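Here it is, the structure in full.
When the chains are written out, they are named A, B, C, D, E, F, G and H in that same order, and each has its own residue count from 1.
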Amino acid sequence: MGKVVIDQERCKGCMLCVEFCPKGILAPAKEVNSKGYHPIECNDEDECTGCATCALMCPSVCIEVYR
Amino acid sequence: MREEIFLGGLGGQGVLLGGQMMARAGMDAGLNVSWFPIYSPEVRGGSTTCTIVITDGRVGSPICERPETMILMDPVAANTFAPQVAEGGLLVLNSSMIEQPPGHEDCETLWVPANDIAVEIGNERTVNMVMIGAWAGRTSALSIEGIAEALQHMLPERHHKHMPANIAALERGAEIGAESRQPGG
Amino acid sequence: MSETQRTREFITGNEATARGAIAGGCRYFFGYPITPQNKIPEYMSAHLPEVGGVFLQAESEVAAINMVYGASAAGARVMTTSSSPGISLMQEGLSYMIGSELPCVLVNMVRGGPGLGNIGPAQSDYWLATRGCGHGDGQCITLTPNSVQELHDFTARAFEIADRYRNPTMVLADAILANMMEPCDVLPPTEMPPADRPYAVGPHGQERERNIVNSLWVDFDEMEEVNLRIQERYRQAAEEITDWEEYGSDEPEVLVCAYGISSRVCESAVDEAGKAGVQARLVRPKTVFPFPSEPIAKWAEQAKCAVVVEASMGQFVEDVRLAVEGRCPVELVGHAGGNIPAVSEVVARILEMTS
Amino acid sequence: MTTDMKQVYAYPDALTEVEMRYCPGCTHGTAHRLVAEVIDELGIKDRTVTLATVGCSVYAYEYFDTDAVQCSHGRAPAVATGIKRVQPDTIVFAYQGDGDLASIGMAEIVHAAARGENFTVIFLNNAVYGMTQGQMAPTTLLGQKTTTSPRGRTAPEAGFPIRVCELLDTLDGPAFLAREALSTPPHVRNAKRAIKRAFETQVAGLGFSLVELLSTCPTWWGMTPLEAIKHVDEQMTKCYPIAVFRDRLAAQEGEQSAESAPGEGE
Amino acid sequence: MTTDMKQVYAYPDALTEVEMRYCPGCTHGTAHRLVAEVIDELGIKDRTVTLATVGCSVYAYEYFDTDAVQCSHGRAPAVATGIKRVQPDTIVFAYQGDGDLASIGMAEIVHAAARGENFTVIFLNNAVYGMTQGQMAPTTLLGQKTTTSPRGRTAPEAGFPIRVCELLDTLDGPAFLAREALSTPPHVRNAKRAIKRAFETQVAGLGFSLVELLSTCPTWWGMTPLEAIKHVDEQMTKCYPIAVFRDRLAAQEGEQSAESAPGEGE
Amino acid sequence: MSETQRTREFITGNEATARGAIAGGCRYFFGYPITPQNKIPEYMSAHLPEVGGVFLQAESEVAAINMVYGASAAGARVMTTSSSPGISLMQEGLSYMIGSELPCVLVNMVRGGPGLGNIGPAQSDYWLATRGCGHGDGQCITLTPNSVQELHDFTARAFEIADRYRNPTMVLADAILANMMEPCDVLPPTEMPPADRPYAVGPHGQERERNIVNSLWVDFDEMEEVNLRIQERYRQAAEEITDWEEYGSDEPEVLVCAYGISSRVCESAVDEAGKAGVQARLVRPKTVFPFPSEPIAKWAEQAKCAVVVEASMGQFVEDVRLAVEGRCPVELVGHAGGNIPAVSEVVARILEMTS
Amino acid sequence: MGKVVIDQERCKGCMLCVEFCPKGILAPAKEVNSKGYHPIECNDEDECTGCATCALMCPSVCIEVYR
Amino acid sequence: MREEIFLGGLGGQGVLLGGQMMARAGMDAGLNVSWFPIYSPEVRGGSTTCTIVITDGRVGSPICERPETMILMDPVAANTFAPQVAEGGLLVLNSSMIEQPPGHEDCETLWVPANDIAVEIGNERTVNMVMIGAWAGRTSALSIEGIAEALQHMLPERHHKHMPANIAALERGAEIGAESRQPGG
């Protein structure tokens, strides 16, 4: 069981984490952040394994992962 | 006649193209014009601004310390630049994004719900046209037709399909601008 | 250049420069990217092939100026464009071009310095243009446009000047002029000028003696002769192409001197000062090497003082001082790092100096 | 919320809080993160000097929480040499783009490598000049459109791409040379491993180390970030094969383990 | 006296009468002669431009009876590029020393080679800076004493020698690359053959060609001319093996002869 | 520096320079060979290791100045030496050093130019030193020795000056001074000075904030501030280190101005002119940036004319003109390409100007 | 049967021709030329085969060979 | 006292070392001195010259347009430089190599068979010493002991074994110089 904490303000909505999350539980939010990007949210916290693939791929360094 | 106009907004709001279009329209109307941009150093994002001068005299300095008119499209631009407008000048503000009044009083303010109108028109990228149309309607410095023609010249062929939306936006803006000239505006 | 075929367009300074070059017969461009002049190589890469020319992105500014050296030695009208740090890197190559008596055109869209600095407008490469050109006694003939139209026209003309004096000729502008858009009466591309360079290398059969392009002269007297020849050309250029514009009052209390973008600020300042009751006259050099000392000396005789305005910390002002030669006090309004003197500041200084 | 959980991925200590200015999806950020993680893992932050170069990564001095020197375009290997000759024990790494390293800075990188100067280069190859608006780089692929190769790069006009690792591999000076890609999780993991190896090589005093990272420039490639990493994976690696070209540390370790291998020869 | 004899070795037409200033026994002179002979044999004197560089051969423009351009130190490949882009049919060769080409001019030679610019480089490697009084060159052998490596070159102080042909051989641009020695009659004959090949490659428009010539500097090596050529043969060739690294003309000829081979396929 | 331990030796200017550097605390040398200063790197390669220093031959002058940049950023006293074309190649690097406010010492043994030129003596890099330093508003503090002794002493002192003003400091000489031998009271090697550079990068544990050496300032005002700081240091330097020597009559009819090797010629010329009945006074700057304008202005007030002597075509004369400001006519005796003005020529001009 | 013509003024006495002449018939002259070098002479003209090895090796380009 | 001496000869004749030795001797004698060379651009061969000044005043210009004394060791140097000697100056000429008199008359000439004497002494490399010795003998500007001592200082240890030959050469030269002072010399 894992958990991701995504810094919504730093996220630039590039979708790399979304693409590579093996559980497919990440997706862009409806709202935009102050820079106009749709930041990523975790849709299904229970599914998260804490594998940290999302964090590994995030160019904006905005994901922390717990397990 | 000398109009000094400052445009400010987010990258992507069409600030630069809008300014170029105004200057080009001035040129086509036989006036002397200049346009110059200040990019922020980031490749993307950050605020974008440009200054245009339209005059029947010599342009002289293309840089305006305290522009007569400021067309500001987002809250950051409004906060940063509105205080620099000339005394007695005109602020054209995008009320769809800017909430607070600029907080200084020796100038006129024209509120334009540009994003809302753009959405209404069905093309979100016409925010700049609404704002500029409003300025033109208010000041009559340039005709809407002239501005539209200038835009046509500047847009690459493949974007000409958007002309109707842009013209609609200019016209809707112009109406708001014209109305605002009424004492009750 | 066919003056009659000009078409009015609304374009950036960078585009005007590129198109001025092609109108001036330039068919070869070697350069390295640097802001704020990137739109020039971009334009050249797209359009030079259309007129039978060659665009090549060099691996560096050092390589670029040496490619220019080669192309010029081969008889071509050739250009490179850059901005401050890039021009610094060309200093050795420029000195070689001068020593080998080869023409070329350079454009420097000056940015804030020193070092990496920033991409704001500046005029702080004045010395680099007029006193630089690397080691030795050579100088760049330097043209200082103050509008998009002049960027276009001066660049086109620079090729003739470079050829006439067999010397690198620089168009010195800044980040504002580079990026700004103005109406410009654009010249059409010129046909390649006939080869009129008897010194150029290339295939020659038995038709002429072999040509050598060289700046090495072991014998001191021979080397001095080259220098005297160069200096003589500068003297000629001073007679033939020194150029400037004046604006404002015929009975000035204050002489205002500025070039390039600052001269636009000063035009407005002269108007403002007039409104505030002080008569001023702007002398703005269109060439800074050769320098229009005469009009400045003349008005300095009459004015109470001179105000010199530049977007640098005191470079251009020295040439003004050399022209004024103590006839009146000379005051500097200078800025740096992307900041351009403001009209209000110039007006304030004018008023202050006359109060 | 995290009381009974262990943090398995944290914001690296060696990065400041400053938000990086890179475009969305630009793997410059990934590269920075990996370097920072390595610095943290090796515990060398307080004796590391970051060399920022000229390119999109010019602000590296704001991002890495170390001492830093901003270098002129292409000359970081010379600057690094100057620093290391004065302070041999300081850990120095230069973060260079492909325009910086492979174009204007070709002489400096070749000579620093030939001298075997004991510093590390993180060479970010995105096949384009990002900072200056998308011009052709020496590593631009044939056929690739850029703002100065508007019809696509052709060899007769603009020559062939340069393979930096292969070129440096002809020299005796380098102690570690590797090329990795920032395109998929396995590649990113390998990239980090290579970066760590490079720093370890420096810490061990073995000489010059360089890691080439195939990276994206969604903005000037005109691609989405996802298209861009796919392009790295499918196109760039064809021209720039992923490989560890040299690893003297491994050679040394091999020797040592051979030496200390029990039972042998006694 | 020669009435019934045929001249079998004549002063080359492509050399002027000017006496070369080289020290006694310096094989710069040999290299010049070979190049001149090749120019004569190919009949290209009137369309050849010699690029003199900075080094002992700086006066090459006085020696070769062709048009000539004297280039700034290390930048001849850029100058050659400028000329060839304007006059593609002119034959251009740059005569560069090891300081000129492999030190200050490294970026220019790599990039001209990578672009496959269609000119020829005669690269004279004498492992020292002759002109400026015997300083260390990038090609100076380890252990070799020079005026700036007075205790002999050591790798930790001054790095390792650079092998230029091997380095350029990692690029796709070069069409002909070879290293020869000016040490013995057979080597000199091979050197001439390579030089001819290089010029033929250019005449055929195939791209960049370079011949590295291992050469002597008796003066700064502190040797007699005979000791010096022996040193080339015995020491330099160890570090710089003699080889033809690439020959696209041969490849092409091979193809052509294969194509025109009679009887095949019909 | 231990003045008391000087030993008198008969050495070349190049050797005096190298030993002056070591006496000034220089322990790091990066340079690229070029005549006529090769004996400096040669000396350094032999002797720096003896005092715990490092000599490294750079791959080019571009690399050399950037190695200097790195070493200086790391807190070292560091030097590079070269001659004209090499100094041209260092222009970008110098601008970075100025922008990043880093000290270093450069020596330029000027040779005949432009281009490859020749290895004769010249003074034609005056602008390159005082106005050059690449793009932007920076300048080199420039010392102009006229003897082997001064080459030694000025070089040693240059390290202090560079440190004090955090600016590149150049010793500007020529091929004659480089190669000539004279008696020289040589300073012993100085122990490494304690690290007194709080801005330097390097290991620091938790003891201080991180240091950043940088010349990039996106914000125009921040960049301007850097420039103002630099200019302020120049003003300070002008007050503190401006230096010159005078020679000759106290009641001169003619003011003679020259620096470096030309000032030696002028010393003799002043004597000769005196014998021919014309009183002359030589003002010879030992620093040309900052420039000793005051003594020149003072004597120009009194003299009938000024004769300026330089081994270039008119560079130094501009600084004299700026100081004289029209107080008296200024005449140039200039040469180029390895030729040095002759005593007889200077005397003739002095007599001509007063007849 | 061959013959060599050596330009005595250009010869710098480097001895390379002497070393490589297969017939060993070349040797420095007693006298010096105007530059102070002892130029090479052919001692035994009859032996010369005109093989041109001397000319091939001469860096001063001062040997012409006839056959 | 001010002596301006120009030395010229072939590379290898010891022109530069000879001049340095003279200047150094001057320094050791408490005088002000300078020495400066002009190399020809070729690495080897060609003529070599240097100029020295020895004075009890300021040296001033180290360059002498028309030196008082010229010591010339080979025909090329003699032809090239002899005409530049000062009026009433002194030419010291190597009669072993120079045949023609310099062909101008307002100066004194001292002929020294330097090569022959050097051969006699048994060291061909002492030509420069003979010539300089002759000058010293003629002018007494510096003592032979002082010159010899200066040479000892300047020679690397490994060459000290040649000192006796050099001293002999200086002395034989000095004799010739001293004799020449006699009216019949």
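One rule holds for everything that comes next: a contact is a pair of C-beta atoms (placed from the backbone, for glycine too) under 8 Å apart; a residue touches a chain by one contact, two chains touch by 3 or more.
Predicted model only: the values in this text are computed from it and were never measured.
With steps allowed only between chains in touch, the distance from chain C over to chain G comes to 2. Contact counts per chain pair peak at C-F. Chain B and chain D have Cα centroids lying 44 Å from one another.
With centres set at the average Cα position, the gap from chain A to chain D is 26 Å. Centre to centre, using the average C-alpha position, chain A and chain E are separated by 59 Å. Residue numbers of chain A whose C-beta contacts span two or more other chains: none are found. In chain F, the residues that touch at least two other chains are 56, 59-60, 62, 85, 92, 96, 100, 115-116, 118, 214-216, 218. Across the assembly, chain E contributes 23, 58, 70, 72, 103-104, 106-107, 111, 131, 133, 138, 158 as residues in contact with two or more other chains. Within the complex formed with chain E, the residues of chain D that make contact are 103-107, 110-111, 114-117, 138, 155-156, 158-163, 166-167, 169-173. Contact residues on chain F toward chain D in their complex (touch as defined above): 28, 30, 54, 56, 58-60, 62-64, 66-76, 78, 92-93, 96, 100, 201-206, 210-216. On the side of chain G, the complex with chain E involves touching residues 2-3, 10, 12-16, 19-20, 37, 50, 52-53, 55-61, 63-67. On the side of chain H, the complex with chain F involves touching residues 20, 23-24, 27, 32-37, 39, 41, 58-63, 65, 153-154. Looking at the complex, you find that chain F touches chain E at residues 32-35, 38, 41-42, 45-46, 55-57, 59-62, 85, 115-116.
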